[in-house]
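All chains are identified by letter, namely A, B and C, in their written order; residue positions are counted from 1 within each chain.
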Amino acid sequence: MTVLADPALAADARRERRFFLSLSLPALFIVGLAAILPIVWIIRQSFLTTGGEYTVGNYEKVLSSGLTWSALVTTLELSLGTLAICILLGIPLALALASARPRVANLLMALVMLPLWTSILVRTYGWLVLLRRDGLINAALTGSGLATEPLPLAYNFTGTLIGMVHYMLPLFLLPVYAAMRDIDANLIRASASMGATIGQAIRTVILPLSAGGIFSGSIIVFIYTIGFFITPAVLGGGKVNPLSIRIERTLSTFQDWGSASVLGILLLILMALMGVMFLAARRLIAGRKVGTAHA
Amino acid sequence: MMKSLPITIDSVRKTYGSYVALDDVSLDIRAGEFLTLLGPSGSGKTTLLMALAGFVRPDSGKLLLGDRDITRLAPNKRDIGIVFQNYALFPHMNVLANVEYPLALRKTPKAEARQRALDTLARVKLEGLSERNIAALSGGQRQRVALARAIVFEPRVMLMDEPLSALDKNLRETMQYEIRRLHDDLGITTIYVTHDQREALTMSDRVAVMNSGRIQQIDTPQQIYDRPSTRFVAEFMGEANIVAPGSVRRIDGADASREALMIRAESFHLDAKLVGRDGVALDGTLCAKAFRGENWLLTLALDGGQEILVCIPAALASGCAELTIGQQMTAYAPAAKVHAIPGAKA
Amino acid sequence: MLEAYPDNRLARILLWSFCALVLAFLMLPTLVVVPLSFSASNLLEFPPRAYSLRWYETFFGSATWMAALRTSLILGTLTAMVAVPLGLLACISINRLGGKAAITIQGILLIPSIVPGILLAIGLFFVLAAQRLVGTLFGVLVGHVVLAIPVACIVLLPALVRFDWNQVQAARSLGANWARAIGGIIVPQLQISLLSATLMAFLTSLDESVISIFVASGQNSTLPKLMFLSLRDQIDPTIAAISTVWTGIVVVAVLIVTLRQKS
């Protein structure tokens, strides 16, 4: 025996759902207006001539230019370089913070977060002051005799990378630290009791259990760095030209909206590709975790 | 005294996907009655309560408050006092503000609202605590604030969702008594949800036992306990032995029942003289015995293989200590305590 | 976590020295700016040979810089005022709807924080140009609000998940309509999270530069935009003074919120 739902009550249920749905409409509207519509506009623009006619000429022009491909390579180099350095610096730091007493850890976390509260322009300026040819670091190096002449640290790839790592490291650290802090200390004690050295405990217990956090941190680094603009624009000194800089130059120098849009779409495709790769990697890691659990 | 209203629940059905939470439940609650919905978790008792409150929308069926159909009425227009399981007191308001809250929503003049709130707080024995923060209250005090807040606006009906589950045993018993007295003073129709059968028996005018979204039996506490209509009710209400008719013989030799019989563990005696001629006897072997302070608990394996529990009050159990495991013995129960469960198999 | 190895001194010392270096790396560029801003010299020398307030005088005496500072503070305030209420309503909606609808809404609201700023900036520039809104305060505000909404949601959503929804049901049963239940029960209890969300939204706008660079102009240039332009041209210690003031504003804002939360 099936009892049919009362249509009036079902209508009430739908009305209530619509009410809750309507609460998110203003936010969705703004996002649609100022984030989704602009992207649609970029896609449309990439197929238009300056006269407003349909064309694939923009794609031909951009894809046949060597500058585009070198920009793609620079974008990837900056992103992956930043990620690699963040992993090298961030994981030991997270490990130390997670092993510290809570009070010390909180204090150190506050220090780590300080750059996050500082404007990116302030920080970029700080790095310029430090890294320039006559900057503080070169002054210290030549003054102490460690270097005979000033090293080229700013207005190049090195300077850009330093600035980007500085921006990303706190953001990378947050999920990694959170994951490590959540590991039950008894697990480490257990592995020590079974004879694991400190290195083995880190490799076989701590790192696998914080893989999720490291993964999230990596995604964050990637999402942020792939479109980074300020740091390469200032610390790159015109010599470091990832896609974001090419987009800006195409717009400001040539007023070529079509080509700028094509470059923008390349950036989106790059993000999507890397996103898929990250997801595949995560599935692989997750699969291996289950595998070792059964072994 | 407030004018209280009867509640009619008419074939209410609620499903979540393929899960049936309420399976055509119908129930009439009299004006001024204290009715308890009793059942294990997942039996649908809280769903039914929340449907009355307006937080669960039935798929079909009707809910009436007096003559008024409230099935589609918004919760804030139902005028039902609710005590939530975790009290749901507003932590950003003090005791008085919590109790005044429903009056403020009803635009009661300030002075009157304050007076009524204070009177209600006095009624639940919280005078002098009106300026306290909720966080500074004990569990029992919070319980009382929740009560005061639920009754201050003189609702016609009160719903209570396991209100005592967070309290320790002693406090529970005090509060059971006080809630019941408050109900008697106000005469307010009350539906009380609990999974504690002792609480249900102690407090209620009538108990509705629920399982799997259905009402199994609705009756007075004595009837529910002594004359359960289903095997589920029998077992849920206490240590019940349900024995096949073949394992039981009448002391006077008359034919025994042909239906499964329920005999509660505490109905047994070891002395046939304490049981009338029309009582029953069960023969078996002692498998285990345990002293529990106020009584002895014996486990008997009947000749058919079934095990039953026999509970003998310490005062009548002088011989229990000497019983040896494996010995043959007989347990007797008076006819009045032997209840045939219609349709049940042992 | 490594207390299971109390005897491994060497590992400990190595780890902590490494940490000290990384921490120094993180703090250095912010801290180095402060003494420079008080330098009396035109040159960026460290430590400065003589101190003065001349770069602060330059900053506070400049109509352009002051206009930019004003614009940034106004934008930050407006952004927080718009983004936080919208974020709260959206989070209530996500929290109550659940299931696929909630995931979809959440996904859409997170788009602005995933799409590279440069794309949002040029796309918004196209859209605003078509409406002749480039260079208006409104145009920049829309751009900042869209960035601040996901930020507000990230703060508010966990707070709503922790929030005991029984409280709203209690208020409803006691006679409150939705508006009163949200305004009188949810908002006061999420006060701390709302304050954090407001701060984060304010800082998101304050720190935003890419959208401002493309969309803001003239009268409505923000401080980060002017700083960016002048960093590209030359670096004089005025920027150090501005940076110090800027960091000061942020630290004060964070402190106010932290203290409010504690009390």
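In the analysis below, a residue touches a chain if its C-beta (ideal position, glycine included) is under 8 Å from a C-beta of that chain, and two chains touch if they have at least 3 such contacts.
For clarity, every value in this text was computed on a predicted model and none was experimentally measured.
Chain centres were defined as the mean of their Cα atoms; on that basis the chain farthest from chain A turns out to be B. The interface holding more C-beta pairs in contact, when A-C is weighed against B-C, is A-C.
Centre-to-centre separation of chain B and chain C, using mean CA positions: 55 Å.
Note on chain placement: the centre of chain A and the centre of chain C lie 17 Å apart, centres being C-alpha means.
Touching two or more other chains at once is no residue of chain A. Across the complex, chain A meets chain B through its residues 3-6, 8-10, 12-13, 16.
Interface residues of chain B, counted against chain C in their complex, comprise 53-55, 74-82, 84-86, 88-92, 101-102, 105-106, 149, 153. Across the complex, chain A meets chain C through its residues 17, 19-24, 26-28, 30-39, 41-42, 45, 89, 92-93, 95-99, 108, 111-112, 114-115, 117-130, 132, 134-136, 139, 166, 169-170, 180-181, 183, 185, 188-189, 191-192, 198, 201, 206, 223, 226-230, 233-234, 244, 247-248, 251, 257, 260-261, 264, 267-268, 271. Considering their complex, residues 11, 13, 24, 57-61, 71-72 of chain B touch chain A. The residues of chain C lying in touch with chain B in their complex are 164, 166-167, 169-177, 180-181, 185, 188-189, 191.
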